[in-house]
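Chain naming follows the written order as A, B and C, and within any one chain the residues start at number 1.
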Amino acid sequence: MLGTGLLHGLKVTARNLVGSFHDPARMVTTQYPEERTRLPENYRNFPFLLGDDPADPLGTLRCVACQICEKECPPQCIYIVMERDEKGKAQKRPKVFDIDLSVCMSCQICVEVCPFDAIKMDQEFEIATADRFTGLLRHKEDLARSNAYYHQLHPTEAAAVDAALAEQKARQAAAKAAKAPAPAAAPPAPPAVPPTPLPPAAPAP
Amino acid sequence: MNPAAPPSRAGASVRAVQDPFHGDLLEVSMGPHHPSTHGVFRMIATLDGERIVRLKPVFGYLHRNHEKLGESTSYLASMPYTDRLDYLNSMTNNWAYALAVEKLAGQAVPERAEHVRILLAELTRLLNHTCLAGFLLQDTGCSGTPLMYAFREREAILDLFEALSGSRMMCNFQRFGGCRVDPSPAWMEAVSALVGRYDRFLDEYEELITGNEILLARTQGVGVLPAALAINAGITGPMLRASGVNHDLRRVDGYGLYPRFPFRIPLGDHGDTYDRYMVRMLEMRESLGILRAVLRDLPGGPIIDPKAKLRGFRPKPGEAYGRIEGPKGEIGFYLVSDGGPNPYRYRVRPPSLINLTVLEDLCLGHTVADAVIILGSIDIVLGEVDR
Amino acid sequence: MEAIEQLHARLSARFPDAAPTVVLNPGPAAQHSLLVPATQARAIAEFLRDDPELQLDTCSNVTGIDWPEREVTETVRRTVTEPPAADAPPGTAPAAKVVEEKVRRVVPGHLEVVYHLYSVARGHGPVILRLRTGDRGEKVALPSLTPVWRACEFQEREVFDLFGVVFTGHPDLRRLLMWDEFRNHPMRKDYVEPDDYEWEPTPHDRILAQARRHYPVPPTGSGEPAPR
């Protein structure tokens, strides 16, 4: 009979219409901003700088201004100036660390290439602003966050990073103890948020 | 004869020698701002009455000089840019690029990574064909219902991609020598659950629309593509198979580990729009079969080759052309290396652009409404056409 | 599918006055190509398409490559004969010594078009053809292979648009990606982009150089140019 296809189709839409009142599989709309969907742990959107001390992340940044992330960034949205003292000697801290979020495409390559686990991905996306040129420019003050924040955002990843850093520190301490004449005790395994004064001198990238 | 002139009063017995309604050809610019052109795409259609007599496509509105950028960015940094070529299928774009670079550098890929790549490529194929089913029906005028049903399922796959790679569409996932992230067992469970219920969605969707008389009347016999023209014009992908040509790069080239996973290749009989739509629906079911087999056989091991270099990657001088069967057709990358950190020449072979070669041939003699549907069945994405 | 050497031998036998040359690909991919002289390119293409063993019925990819002219310094050894000294006894043989000198020569530039051919009927490929223009200025005409493979139509238009290679015999040679009134060819290595400087807070390389031209004195602080 002509029209059976149409009737089958109408049956499907009727099923969906009725189902959308009681069947969760058919209720697919999230009423944003009153409701929010939970973002998965791996979700990434714009980077932030990691500082070890939760009370002062800006002063304890792991970043040594090696500028690897600046070179590898595809749209080149990172701008770094190394801190130098009066004599011009490099201080292994960034004086300026700017990221232009209007250029950043959240590709995560800066995170992958950083040898010091100093830059990680944040999850903020509600940052709309009216200023076209400087509204989305983030300086290191705005980018610095603590390791505790990182644990909150990406618990699995943060635990793995902490374990790797602890292992690296243990290896370095063991190497130093083996070289020193008096036997020095290896440091105890650090807690989840280790109070590190300054980032360790890691080997050349 | 000027059609704007007032009608002659010489009397009813006088017939006009030239019928004013068939005097001029009308040129319609289906301009770049158009909801049905799948992006910023312009077609200049010359109409004789209602029938198209000429159709010239105009591209370039989304040209972002991706190939020139590739010459000034390193190989790794070009990977996020490949996401943005065919922005609906970022995983397959990434794989095609990674394949070309791995050929160029002679880089091996571990087995687990190959399995994961196939998994993601078939999920992307599901994604893309679902998208096409929705968009094609939207173009016919269904104003939203099939599109929203399709996108409801598409969101499930995009949520999987977000959980794995961090981003729904711009995944930046493949690396030279494997994948960036090792999927967790929880993620594999989620994929299994999706594969388990996708068949029911496809059944429901087919019940909704495939037997619909209006769809059949509008798509059968419209835009017939003969097989010989398709081969000569370099058409690839489901459009070629809808014309009856058995050519699927997963079979022909056997890249990755596809030879281990048997699947059938649906072919069309007539090469019209309906065949292009049905071939994609059937391919989705075959993709589900491949996904089940991969989920069953997924081995352990490293997700990226331990000798793969992330920084300081400088392939030896030479060139390579690597291609895969993307959901839209054959997507290939041609790279010429001069030994430096950036490629000397970086070229994308865009399936959407080359599939558009025959757009004029398909649309001749049809109406403007049919032209919209034919364009929808070719399945283009302007990010790929214009790069 | 036959190896490149056999294909080369067959083509040389068939087209003796316009034999192609094999261009070896040094990298691990080992995709060797055939450099085809422009005069017989279309005949060779038709032969490749219609040959019953090859049946290369589709052209998958057409690429343009720009090779600008470059200076090459080579070390050349020459043997120099010196006449005997004035006060040497008569009958002394002239002395010969080997002299090494560096010679600079300019390798002329050209544009290249690379075709990747595959066979759908046989499932083999690629056979890679290269066509080179005479130079990058006047002699940029090449025969179009669109009459042989329709797949080349848009791709040759793109090579014309972005590199400037003129394909004779193309049915509709216009710009593809750039607008029709555009001048110059953007993918060439010596293309100079127009100065469309706009202030960026994190400038690098080219943008930074442009910024310095627009704002010669940067303000004190982080070294960024003054905002608008």
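The working rule: a contact is a pair of C-beta atoms (placed from the backbone, for glycine too) under 8 Å apart; a residue touches a chain by one contact, two chains touch by 3 or more.
Owing to the predicted nature of the structure, the values given are computational and were not obtained by experimental measurement.
Each chain gets a centre from its C-alpha atoms; the one nearest the centre of all protein C-alpha atoms is B. Between A-B and B-C, more contacting C-beta pairs join the chains of B-C. We define each chain's centre as the mean of its Cα atoms; on that basis subunit A and subunit C are separated by 43 Å.
Here the spacing of subunit B and subunit C, counted between their Cα centres, is 30 Å. Residue positions of subunit C in touch with at least two other chains are not found.
Across the interface of their complex, subunit C is touched by residues 70, 76-79, 81, 95-96, 98-100, 103, 133-134, 137 of subunit A. Listed in rising order, the residues of subunit B touching subunit C in the complex are 59-60, 63, 65, 67-68, 103-106, 229, 231-236, 240, 245, 247, 252, 315-321, 323, 330, 332, 334, 336-337, 344-345, 347, 349, 353-354, 356-358, 386. Taken together, the subunit C residues at the contact with subunit B in this complex read 25-29, 31, 57-61, 63, 65, 114, 116, 120-121, 123, 126, 128, 149-155, 162, 175-179, 186-187. Remark: subunit A residues 2-6, 8-9, 11-13, 16, 28, 39-44, 68, 72-74, 105-109, 112-113, 121, 205 touch subunit B in the complex.
Subunit B contributes residues 73-74, 76-81, 145, 149, 152, 155, 159, 162-167, 170, 172, 180-181, 204, 207-216, 310-311 to its touches with subunit A in the complex.
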